[in-house]
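In what follows, a structure is listed as structure tokens, so that the remarks can point back to it.
Chain lettering (A, B, C and D) follows the sequence in which the chains are written, and residue indices restart at 1 in each chain.
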């Protein structure tokens, strides 16, 4: 008990050899440039970049964000400069860092997804793909990919066929049975899961009596959704054998621990970056002492501790 | 350089109905580059107001490491902010954005500063900076009514100041554009900050002078990462090109971006 | 604009002639006795009583509650003394008040539901039934009633057939497509909808590395879920023509207004009762001046204002 | 009568490692009926700690309208509570529950009060009340270590006081039941509050005297409406009969309910 434990934060996920389990979540870190003004991005375990689509997208009209209790709504609408621009500029810029890149991809049609997946997977800077089948802010088709297991599985299979890199599927929480969905995409060849994306929500402006967001509905993120994320990860991690990148409301090192105990192998931090630009390095710095306090020496010792009955320590 | 700092409140007072003047002290002040920049405040450490609030710099005193913000109590965040006391610390991210180009006016030239409501504050810092550079400043300030008007004397000390109010309770009754027309105010450059309808009216009524507009949008990150605060460019109004108000703005040259 | 408007808070719902749109939510007010120590229950628009089941139920082991950011989890497990006891005692006690009663009913089988519905609907004290098809804390079958539209519709139809009183169906938010569910139960004869019940969530205890709740998962309520509730009510109210009792995180009069604007005809207040026992009468007292500020004179003027394009004021 | 009141903090200090003594003043104090009752605190007006926290009454001074709570900093709520200052107000719901039956001991009789950790505080108020009724009080108080022990002198002033600690750093090493056995402490009635294992051990080791136990459970409403805090009765341990700790308890006679 009293000997000093050598704590290792390393996590080895398909395509993502991470020096610690912390990455910024897609869409909450753009392509890293803005946060590079605050700290060295090499500190991060990985970086999930903003969703790429085939064509450049402007996204939704503004207002695009609204605050809620312990959360926020966003309806960005996948604004991005398109896969070609991202490869030519954003990924090139990221070459100066060693941190593995998880490239989030989105689309309205299967063809779009395949086009983007094939291209991005060939980029040397990309460690793995993250298939965003769950963006609530895109009107055409987006939702079906995320809520119908067969549709999600078939998309996953096709993306796997064209991708040279491991594929993570990012699951939507706007669904009755997350386990069936997770098993379907595992069966279809997914190398990992990211969960959860945002819950579909809305807020009214009391003065105008209209929705605050121009898009009316938006995705709810932040601490408010954490219990839903923990529950889903707890359920899914016991039903699948591929690793899970957990996210949804993480604001502190203890939140991270909860996700790992629930069954996530690594975590992503979204909304909290907007509150505190230094949140990722802060949590990374806090991890070793918290692990020690729990008398654990690796991150893996923690993964799924809430349901694993016997664990070799 | 942008930074995050817990700045100390050294002055905080109500200067008009629901309008507060807040002076903060801290190292961050040294990094402020120009009028029109803003700071992003975290009102609570908790979850009442999860995301930060953008507020413009209304005055800066680098020697004293002080900056002043003027804000209206609008919703929950500003209400909670208004309850903070001298000595309390506020978590500030800043300075952010690109402000008003001072170089657009040359020494001896004339600048017209047009503000509406809580768009007025950044013009005070701007006016002081222009005046220091030897530029003649004229102000046209619009308020809903005399009850919510502020800083009239402060502006008058810098240059001619015209007031307009919706209900006529202070200055002339009407909008700032009415005043500009009526008084036939001309200038080499116009700087404006205020509600979008005001900015649009200026764009229409002052097509000939260089005009700089400070825009507002609901923000999350404030630094260009979340894409909450974008606007279309006028060269590609329906397309995918855009500007981020927090990072590319909040000040744009008229004609550069589409006003929401 | 300046003449004093006669503000009326009345809301007339099937079986529930309410003098104002505020009622405590089922399970958060027991059968009223405890709150009668604080104020006169006749102030309330209606009272939704705790779920009744056929047999008395103890419910789940403890701990049954855990706090989350801007919310709480509960896994009470429908503890109640059974329908016979409720009719013999709790409803008798409530006879001293005029406030209409919405009787929440739950069960594990269709037969259970029908038994309880028939009995309760015959009680003179009951104004309407609220069919809880969505309790996430009951293991056997509970979830299917709430997530499969056909199952919910068939249950609704059968309950309608045995009930002498109007029937409200209480919808679960743990579902991908709330509109299809709402339309199915409307089609099946529901007189109204209650929405939303709790989101299924979970929390870990950092010290023990195990779930805090003995039942592991629980229902998330409180301000955290409000944006999901508002979104669902906004969607459903435009798709059905039966009234909606809105709930989920209401803590203030402005929260109520948001629900009404979204499309609810009345609202229920749950978790907030635990925070402030006086919350219901406080909100009732705050309503008239807020209506006046919006230049409205009836609650109905507000219902669905966020989506109704032309309204006669 | 139960009520909700914003009570004023008139004293607040750290009395042992992570243990705080908080004295509140307000009208609510007049309604307190007996030792063993508790209050339900709203730590924030906001959403950090949405639900209330139950804390026992450790002392009551009706004349001064004061009551004292002693609490351990456990999680977020108590951490935030510990930061409040004299003059701050705390939203209190109370008094709640049924406390220790004083009448179970008759004047001149002997009462044994057994407490563990933050189960000790309500025994202080109880001991004072018993003593006032002419009952001889003996205390057995268990703590994890001397660092977290408190109120030893206060208890000694009321009657013989034995301490036990897990690490032996204060009093004798071991549990309170060890002390009772070793010292052969007998009484007409035993009152106890502390961790469930301690209460269970007492139930087993003191079967002959009337024994009253104060229980804990995670609570939401605190008044009997939410069903968060129930326990089975010993006559129907698997059935549907139950007691609510917040309303029927927190004090129960040993043998009445099943200990969690």
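In this section, a residue touches a chain if its C-beta (ideal position, glycine included) is under 8 Å from a C-beta of that chain, and two chains touch if they have at least 3 such contacts.
Nothing here was measured: the structure is a model prediction, and the numbers come from that model.
Subunit D has its Cα centroid 56 Å from the Cα centroid of subunit B.
For the pair subunit A and subunit B, the distance between mean C-alpha positions equals 36 Å. Each chain gets a centre from the mean of its Cα atoms; for subunit B and subunit C, those two points are 46 Å apart.
The set of subunit D residues touching two or more other chains comprises 47-48.
Among the residues of subunit C, those in touch with two or more other chains are 68-71, 222-223. Because contacts link each chain to exactly two others and close back on themselves, their graph is best described as a ring.
Pairwise, the chains that touch each other are A-B, A-C, B-D, C-D.
Interface residues of subunit B, counted against subunit A in their complex, comprise 1-2, 4, 42, 47-52, 77, 93, 217-232, 239-242, 247, 260. Contact residues on subunit A toward subunit B in their complex (touch as defined above): 27-30, 33-35, 37-38, 50, 55-59, 62-72, 74, 76, 79, 81-82, 212, 222-223, 271, 273-278.
Subunit C meets subunit A in the complex at residues 68-71, 73, 143, 147, 174-177, 199-204, 206, 209-211, 216-217, 220, 222-228, 230-231, 234, 249, 254, 257-258, 261-262, 294, 302, 305-306. Listing the residues of subunit D that touch subunit B in their complex gives 44, 46-48.
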